[in-house]
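Before anything else, here's the structure in question.
Which chain is which? They are A, B, C and D, in the order written, and residues in each are numbered from 1.
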Amino acid sequence: MPFMDFLVPGGQRAHDVVGPAAFLDRLVEAEAAWVRAQAAAGALEGSTARALAERLGTGREYDAAGLAAAAEGGGNPVIGLVAAMRERAGDSAAGGDPAWRPLVHRGLTSQDVMDTALMGMLARAVERTLDEVLAAGDAVARLAAEHIGTPMLARTLTQPALPTTFGARAGSWLAGLTGVVPLLRRAREQAPYSLGGAAGTLAALEEWERPAGVGAAELAGRLGAAWGRELCLAGEPLGVWHTRRGPLLRMLEPLAETAAACARIAGDVALSSRAEIAELSEPAAQGRGGSSAMPHKRNPVLSVLIRRSGLSAGAALGAAAQAGALAVEERSDTAWHLEWEPARAVARHGIVAASLTRELAAGLEVHREAMRENLAAHGPAGSGSGQAARTAGQAVRDWSALRRDAAEDAAPQRPTTRESIREAKDR
Amino acid sequence: MPFMDFLVPGGQRAHDVVGPAAFLDRLVEAEAAWVRAQAAAGALEGSTARALAERLGTGREYDAAGLAAAAEGGGNPVIGLVAAMRERAGDSAAGGDPAWRPLVHRGLTSQDVMDTALMGMLARAVERTLDEVLAAGDAVARLAAEHIGTPMLARTLTQPALPTTFGARAGSWLAGLTGVVPLLRRAREQAPYSLGGAAGTLAALEEWERPAGVGAAELAGRLGAAWGRELCLAGEPLGVWHTRRGPLLRMLEPLAETAAACARIAGDVALSSRAEIAELSEPAAQGRGGSSAMPHKRNPVLSVLIRRSGLSAGAALGAAAQAGALAVEERSDTAWHLEWEPARAVARHGIVAASLTRELAAGLEVHREAMRENLAAHGPAGSGSGQAARTAGQAVRDWSALRRDAAEDAAPQRPTTRESIREAKDR
Amino acid sequence: MPFMDFLVPGGQRAHDVVGPAAFLDRLVEAEAAWVRAQAAAGALEGSTARALAERLGTGREYDAAGLAAAAEGGGNPVIGLVAAMRERAGDSAAGGDPAWRPLVHRGLTSQDVMDTALMGMLARAVERTLDEVLAAGDAVARLAAEHIGTPMLARTLTQPALPTTFGARAGSWLAGLTGVVPLLRRAREQAPYSLGGAAGTLAALEEWERPAGVGAAELAGRLGAAWGRELCLAGEPLGVWHTRRGPLLRMLEPLAETAAACARIAGDVALSSRAEIAELSEPAAQGRGGSSAMPHKRNPVLSVLIRRSGLSAGAALGAAAQAGALAVEERSDTAWHLEWEPARAVARHGIVAASLTRELAAGLEVHREAMRENLAAHGPAGSGSGQAARTAGQAVRDWSALRRDAAEDAAPQRPTTRESIREAKDR
Amino acid sequence: MPFMDFLVPGGQRAHDVVGPAAFLDRLVEAEAAWVRAQAAAGALEGSTARALAERLGTGREYDAAGLAAAAEGGGNPVIGLVAAMRERAGDSAAGGDPAWRPLVHRGLTSQDVMDTALMGMLARAVERTLDEVLAAGDAVARLAAEHIGTPMLARTLTQPALPTTFGARAGSWLAGLTGVVPLLRRAREQAPYSLGGAAGTLAALEEWERPAGVGAAELAGRLGAAWGRELCLAGEPLGVWHTRRGPLLRMLEPLAETAAACARIAGDVALSSRAEIAELSEPAAQGRGGSSAMPHKRNPVLSVLIRRSGLSAGAALGAAAQAGALAVEERSDTAWHLEWEPARAVARHGIVAASLTRELAAGLEVHREAMRENLAAHGPAGSGSGQAARTAGQAVRDWSALRRDAAEDAAPQRPTTRESIREAKDR
């Protein structure tokens, strides 16, 4: 299932996070982790859970195309997937056990799994976006520092305004990235699993055999905590969120804001790389910026695609917010199904915008001479470069402080990644 | 490249029109048709054109995944595709001819091909949607006729209002479908190819060798007409539309309006199939409407997905209109690239909404007894059924008239489908 | 009630069409016309209708602020207005007659009046927008003709492409305006009143005393036709559209497309008036384009506000389409109320964009010398000016043809304006 | 300038925060506070600042209609307002002093004032929304507590699911409100003023006479801090945000999320008050829920308007995010102007949704008998009420904890309101 979307150039950068195979992995992973969680909560024997989870495998064990088509029947892909997973679990010829069948998806509703898989996807999108933003910010910080005293013309409402420095401009770009980092970190930490059962009451758990002395409420708490640990997702502190969609909107806002922060950088590059201004050029690269008709051209393609992503993420954020406003009762018709495409769009465009911006910033060509000439030709007398330099300096220091924090909490953060957890488990 | 989108259940219904393979076909088709058009316009020998077009093949000859990834480089997939097509054209070992290479994409710009392929996709989407609407309308017309006198309670602002008939309700659904048919037909007829060349002036044509006595303008006219005939697309009467995007918006409005007309039907079914109202049920079908947790449930899944599509198409229409407002100069950065996803979303959700509605309407179960009981329990005294029946009757007659028109112009319409044209050509 | 919206600069250009006083006029006008229509349909004595309609007056007779606040109670302003109008009608001390009270709003539902008033507002918005587009187009046509041979550099994806002429650029602007004129004309002609009664069946009419030999259906037909004549609105050919919202969407699309066509012109002016490009300047005017901090600046304010309007209209079009997809049953909760703000936004921004564009085009300063210099500095060798000139010429001829049509049908159109109808009636 | 918007019923509830008079007050307040801030920073004598600020007065001293119309000239209302304020400042006949004229707006750019006034408006919107949410939440908490054991039928995807309790349903509503409270509090604390000067460098300050030993950077810091204290706005920690619009988006997200949380409650009430379900009724009130045609009806008008606001706020959030993605250079054309309407829409609909929800929740009528009957008629056997009661209990405890926090920090919060600050100053 390689990336194959001709209408979203650059989308391959997010494909391993938001593509169909990735989402199927998130679904299967959620179900398999639920089996392990049952053991962790004392509701299932550990060896059974391990064997069953092993048997369930990953997304690639399942017929993706068949499941996608079957999703129409129930309105979501979980129903078909659960059937396939139970089939697999119960196939004794292939190492399964019929007794395992009811353990798959036990006590869950399809929305639990869809929401949790969606959050798994969004959590990864946030992680990836954050990585890209940090790399992009490092490059921008270098630009701001290097050009702290490079005079250029400030433009306001398209027109020449006052002298500034390219360092101040890049410092303003940097502040945009600096601003989203804590939002992305918080989003990553708070991304919740969804656990409500058929009607948001986890009623089915009351009928489970429970460890001695453990009530249904405590069992629910243990199950959730274990599921969250397995999936590196948090609990939603306010409980079930089947029809309370703030937790989703709060995941999407930082991604959309990131895409917008990148788009603002790209907007500047697109304008500044116009031939008549010529103060910046996108990094030259084989196969980039060419034209099918005019070999002499070098189009600011990175910038174009970044802006595309910034605007697309903004529109999708609005669509997701509207979907949330339509939520009703214990689980919604329509409102829930309406969220999936915009949520993925925000995730995709957040990653793509940040990733392209990293590349743009890392190789951006700065033409000091053109800056000087344009300033001389169009700028008013006077100088703001002292203040501009201070602005640039502050932006760089803010970034450095944020990076130091990142370095410090790198160690404790590590173990929250899925890979290390799984490794830890395997040891 | 089967349908594999877990986040758009029902999307498989549009996959052969809007999926990646279909779009790649549209791109290749546009380029191959351009070669034939050169011959038809007298700018290329017919035998060369036929051999070259044959050699170019269809989308499946090309590396879709590679081209999709490469689209990032130029911001669109055409640049890579043209390179691959020229490669193929010039490969003499495989039956090509190096002299053919420059004939591929000759005089075009990538936007010509993208816009034309997009219109090819949208034209097919409109055709498919129209087919589905006609079938859905036939089913709704039967409902309206059959229930012209079936009393039911009219609801306004959620509350019991006055007596009506289910025929009048279905007649109102039908009028929604009746209303979009002429819009879809007009959209299909007007869908234009895009032909402007690198800067919207078709300047390259001035350097072509031209048939004796044929000026550049006339050659351009001939080329466009021939290209349009090949692709079953019209000329845009006002010329180049690289940065004049009304022609696109006018293709999308009828699709979005169709999705909304379907969503209004689905909204009624979703409400009416609530257990406490129970006046309508979605068609029962194996694997439809099930729940992963509650075997007793029968969810109105068709209605849910139709409403999802109606709302999604509306949002995408707005995004496309905004993109159009950002168009600049001879060919836009960003504004152009921003259109593709919403255009596809409108097309997809138009088809999906209409197709699901056809199925919904064809098998809808009407519970007269519940209608009578609800009316008796909650309706005020009095009757509006005479007027309601007239409304229903009018709606059915309007539909019949429209269908008769369709039957009458079926013959002349036929030859405008691609298949028949191609067949005609092959004969 | 003067215009007072600090957050929509330029909004005063649409205030007499979309402002509160205008909308109140539309509401009162609809109710008063309904009284006259009863007489025209033979259901009320002519002298009574005239006296009562006279008594009802216009919007300024009513307490706008009180009615606006009271609209919360019923969810729309009609309920309060009808009470006030009946009060006024029945006040015998002031020339009313208690017997007139029930004649006001007789047989209507509040949505009939809201929808009809909304269409009255939109019809005027379309008329005004069309007037502005025609004036703007005349100015753009002069630019295209005057500069048919003025060489300039074509830009694609921000970069220098090939030579073109400013006439070709202006011709492309003109084609955008040419394209919307027939859409606006059609919208104006088709704008329908809304007549369904409480539950879309006009059931109340069955209890009216009717002229001898006139059935309820015929009476409904007569009433609608007379109401439409009074209000210069058409009948919706498919009947009641309370929950079939295509008729609204079809009014809005041309306005949004107009705003986008204007925004594309404005986008070019904003870019071209950058100091480094300097090919175009907005018309100089007292108090326009100033800066609160930098006296030397001349901001392209018209262009900024036009683009703002183009983008805003696009977003609002999407919101209206989504609202239409939420329609249910005989009259909708939420879906209906959700339409009003976006409908007004599209109308406002359509008018404002077109009106500002007229001003922009009429006074646009073209700097041939800068065009020549930029072309020499950045353009590739070669020429496309022949083809460009042909494009410009075609655009101007298309516009002239459209204007001749307008001149021809000017006379028959006149009598369809409200004022002349009323005058005709008064004579 | 009373509320007069017929197309936004309920809008009067936000009029004193987002209406034109309020925004004009925010503009004037920002300029007057800037004069005081100059004194507080040591750049102006205290007595002069006090006299001048006094002279500048409040919004009602200025010609609102004239300023709104004049806003077109500069693209925003600040330019005209500054002229009027300088006029007023310098009018020695009326107690002004010509020497005061240049002190007004000294060193600022119009965007500083627009952004700051916008944040002033949004900060008040957040405060008001928070107040309404707290009152609404108290009422919902009472419902949840009172009905902790009231059995009702859970519905999922419109269909009967399992037993729950109305307390659990209300607990889920409550969690929605609980979730937004910290977001609104944070937004209120972080709402920043905007201070960048003409080109984002505060260059003008370098030419001011400064207190001995105070550099331009320190003066800027002092000015910002003093301005913020005057206006109860924070500094944006990352500096100038003229073209870095995350700070705005972060103000809007909690308001939109609040409106969605309210809409989810309203959606339930609208469904549950259907005659066939009849489990809930909106509070009865004189003039509420009436119909212009059917006296027997009681429409769920509060719910309708709340949902309208939830959906409208969501759409506007998206539009604001898109505008942010279009930001460029030191100050944007179009992108900036595009934000104002959606920002106001989010603020208005946030307040209106919360305020209507408070009223809805406070008077909601709960029909236990109908809940019991529907459960018996449509519910499957079994019980989830134990778990449901626990959910409800948790939600109520969470709310209580949050309210205790509110009570504790009530005292320190007070002095941060504008009125008390001004009073403190006057003493």
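Quick notes on this structure:
The working rule: a contact is a pair of C-beta atoms (placed from the backbone, for glycine too) under 8 Å apart; a residue touches a chain by one contact, two chains touch by 3 or more.
Predicted model, so just to flag it, every value in this text is computed and none were measured.
Pairs A-B and B-C differ in how many C-beta pairs touch across them, and the larger number is found at B-C.
When the contact pairs of B-D are set against those of C-D, A-D or A-C, over half line up by residue number only for A-C.
Rounded to whole angstrom units, the spacing between the C-alpha centres of chain A and chain C is 42. Chain A and chain B have Cα centroids lying 31 Å from one another. Inter-chain centre distance (chain B to chain C, centres taken as mean C-alpha positions): 28 Å. Multi-chain contact residues of chain B (touching two or more other chains) are listed as 75, 109, 155-158, 161-162, 198, 270-271, 291, 294, 299-301, 304, 307, 311, 315, 318-319, 322-323, 333. The touching residues of chain B, when paired with chain D in their complex, are 155-162, 270-271, 273-277, 291, 294, 296-301, 304, 322, 374, 377-378, 380. Per the touch definition, chain C reaches chain B in the complex via residues 75, 109, 154-158, 161-164, 168-169, 171-172, 175-176, 178-180, 183, 198-203, 205-206, 216-217, 220, 237-241, 243-247, 249-250, 253, 256-257, 259-261, 263-264, 267-268, 271, 307, 310-311, 313-333, 382-384, 386-388, 390-391, 394-395, 398. By the touch criterion given at the top, residues 1-12, 20, 23-24, 27, 64-65, 67-79, 82, 105, 108-110, 113, 197-198, 204, 270, 285, 287-294, 299-301, 303-305, 307-308, 311-312, 315, 318-319, 322-323, 333-334, 337-338, 340-342, 344-345 of chain A touch chain B in their complex.
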